[in-house]
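After this come two complexes, each holding chain A, first together with chain B and then together with chain C.
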Partner chain A sequence: MKNSSLYKGSLTTIIMKLLEENGRMYGYEITQKVKQITAGELTITEGALYPALHKLESEGLLDVEVERVDNRLRKYYKLTESGEKETVNKMAELEEFIRNMQSILSPDVKPGLQL
Partner chain B sequence: MKLTAEQVKQIEVLLAKDIFYKDIRLEMTDHIASYLEETLAEGDDFTTALKQYMNSHHKVKLLTAVREQEKIKDGYYRNYFLRQFVSPKGLLVIASATSTIYIGTLLGPWMYRVCVFLFTLMVIWFLTGFLGLKSQFILRLKEEVQVYYLLPVLLVSQGRRYFEEWPVLPYLEIIGFGLMFTACYFIYLTNKAYKTTKYA
Partner chain C sequence: MKKLTEEQAGHLMEFTRRHYVEYYDLQCELADHLANGIEAAWQDNPKLSFEAALQKEFKKFGIFGFSDIVEKRTVALQKKYYRLLWGYFKNFFRLPVVAGTVSAIIAVRLLLQLSHWIFGALIFSMIVIGIVRLYRLRKNYKDKLKRTGQKWLLEDTIYACGGVSVLLNVPLQLYINIKTVPSGSMLWLLSAILVLIAIYDYVVLWVLPSRSEGHLEEAYPEYKFQVTK
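Coming up: the complex of A and B.
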């Protein structure tokens, strides 16, 4: 992932948001999707992505489906019911964080109008 | 460029020595295969590209991810194994095993030898895969902590030699064997949990 602690703290939120939007995804697909959305600005490395996916899986927030694709087995991740609820919470937390940061960085701008 | 089954197999073989868990290995194989499929153009040499990948920072990052995932998995199965000891079912199994051994010792002094024999048999069973019961849990434990997991076996088998005069020794042996046989049963259950992996 891009060398910034700001991004690192949001990795699970990014993963869960992508899964919420795309239904199910596999590891490599997630890295490419993030690269594509951010026009190459943000890169999620394997070293950060897979442990995060496994942690979310062990916490019961993600479910997996395995399919044979192109001569190999592929592990798809999707949100569980509790994962969907957690995504809503995490997004709300992130939005609040952004609002607060905007209030601090640009105190003259009304934060509610920025989101 | 899509990879052939042989090319995918080549990736998996290269990862086999570095990655213990099959599901992690297959996921990493898919990751590398997807990367190579995207970067390789028609006519490019697969073997050279794979060699380059394996010698690049990509592999280091991948193995960093693997170690983290292994830690998560190890923790999960270790907790799964240990949690069983404090569950009502676990306590019942410990009580049953200990009582059975105690009753056996009342019948004759041969019980101790039977217990040592049975326990040794179980350890061999788990390690060699006799009757198809090779324990992934024990193999992983062996990989992680070398042979130190055999210390309890050594303690019980050598206990008589050094603490022969100790009056509570027979009771400690009974409890020790009770716990070890219970552990064998829980290793069997943990191994079953390994096998329920979705890559089976």
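Coming up: the complex of A and C.
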């Protein structure tokens, strides 16, 4: 992932947000969607994506479906009920983080933050 | 749009196997990922050879290739195995089954009071029964692997039965370290430990293997494609 130290902690939030918006997606589709949305600025590496998907699946936040597409099996991921709730929490956390960062970086925009 | 042939799709599965992806579910997922990448590369350059497109796509997985993905998947599924094991184990302490568990502890305590030889006999029986059952399970599992040619990580973990060392070593160490059967509360403790070991053995050697199909179908939607293939 580009600028990995800044984005790394947000990978699961990105995945869950994409699944919330798109219903179900497969691994390759997720990498391409991120590339498309960010106009190539952000790239999720395969080595980071699949462990994150498998971890979310084992935690019960994602469910999987498999379909035969062309001449191969394709694994789709979708949010479970608890995954949907967790996405809301993660998005709220991320938005708060962004707000705080903006306050720190541009104190004129949001005065009043005390360190 | 140029698509992969059946033969090329098969080659991708073989490619993942050659790169140390033993497990069928991961082979399918990674082969599909490579296939998508190759087909996308062909959209930009239809003259690109299959092999060149494959190598280009594989490079995106970094210098460690698939190994990191396999390693983390193994950790995730092993956690799942222990969660399943714990779920079945806990059942022995819920009503009404807990009455049987308590009765077993009392029965073992009464037996141990009779003679030290009974302690040895109980340990010896647990070890022998464990070895025989483990041998049969492993043999059946190997036969199944030969028949299907498809290995599933969760199934592999279920048929490893938590490892021989736990099954055999724990009772053996108990026998070696306890020279004489204690009395009073220590005897209660020893009886409870023996029953706990027996419950653990029963769950890993009987309960989980007998329900493996259901757990595999739940964990792997791909599993039904193998069975009905």
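One rule holds for everything that comes next: the second predicted complex is superposed on the first by the 109 of 115 C-alpha atoms of A that agree within 3 Å, B and C clash if a C-alpha of one lies under 4 Å from a C-alpha of the other, contacts with A are read in each partner's own complex, and residues count from 1 in each chain.
We take it that a contact is a pair of C-beta atoms (placed from the backbone, for glycine too) under 8 Å apart; a residue touches a chain by one contact, two chains touch by 3 or more.
Values in this document were obtained by computation on a predicted structure and should not be read as measured data.
Of the two partner chains, neither chain B nor chain C is touched by A:81.
Residue contacts after overlaying the shared chain place A:50 against chain B and chain C alike. Within the superposed three-chain model, A:27 lies in touch with chain B and with chain C [touch as defined at top]. Contact with both chain B and chain C is seen for A:58 once the two complexes are overlaid on the shared chain. In the superposed model, A:68 makes contact with chain C only, not with chain B. Residue overlap on chain A between its contacts with chain B in one complex and with chain C in the other: 26-29, 32, 45-47, 50-51, 54-55, 58, 64-66, 69-75.
Every residue of chain A that touches chain C in the complex is listed here, in rising order: 26-29, 32, 45-47, 50-51, 54-55, 57-58, 64-66, 68-75.
Looking at the complex, you find that chain B touches chain A at residues 2-5, 7-8, 23-24, 26-31, 33-35, 37-38, 58, 61-62, 64-66, 68-69, 72-73, 76, 198-199.
Those residues of chain A that touch chain B in the complex are listed here as 26-29, 32, 45-51, 54-55, 58, 64-66, 69-75. Taken together, the chain C residues at the contact with chain A in this complex read 3-6, 9, 12, 25, 28-33, 35-37, 40, 60-62, 64, 68-69, 72-73, 76-77, 79-80, 220-222, 225.
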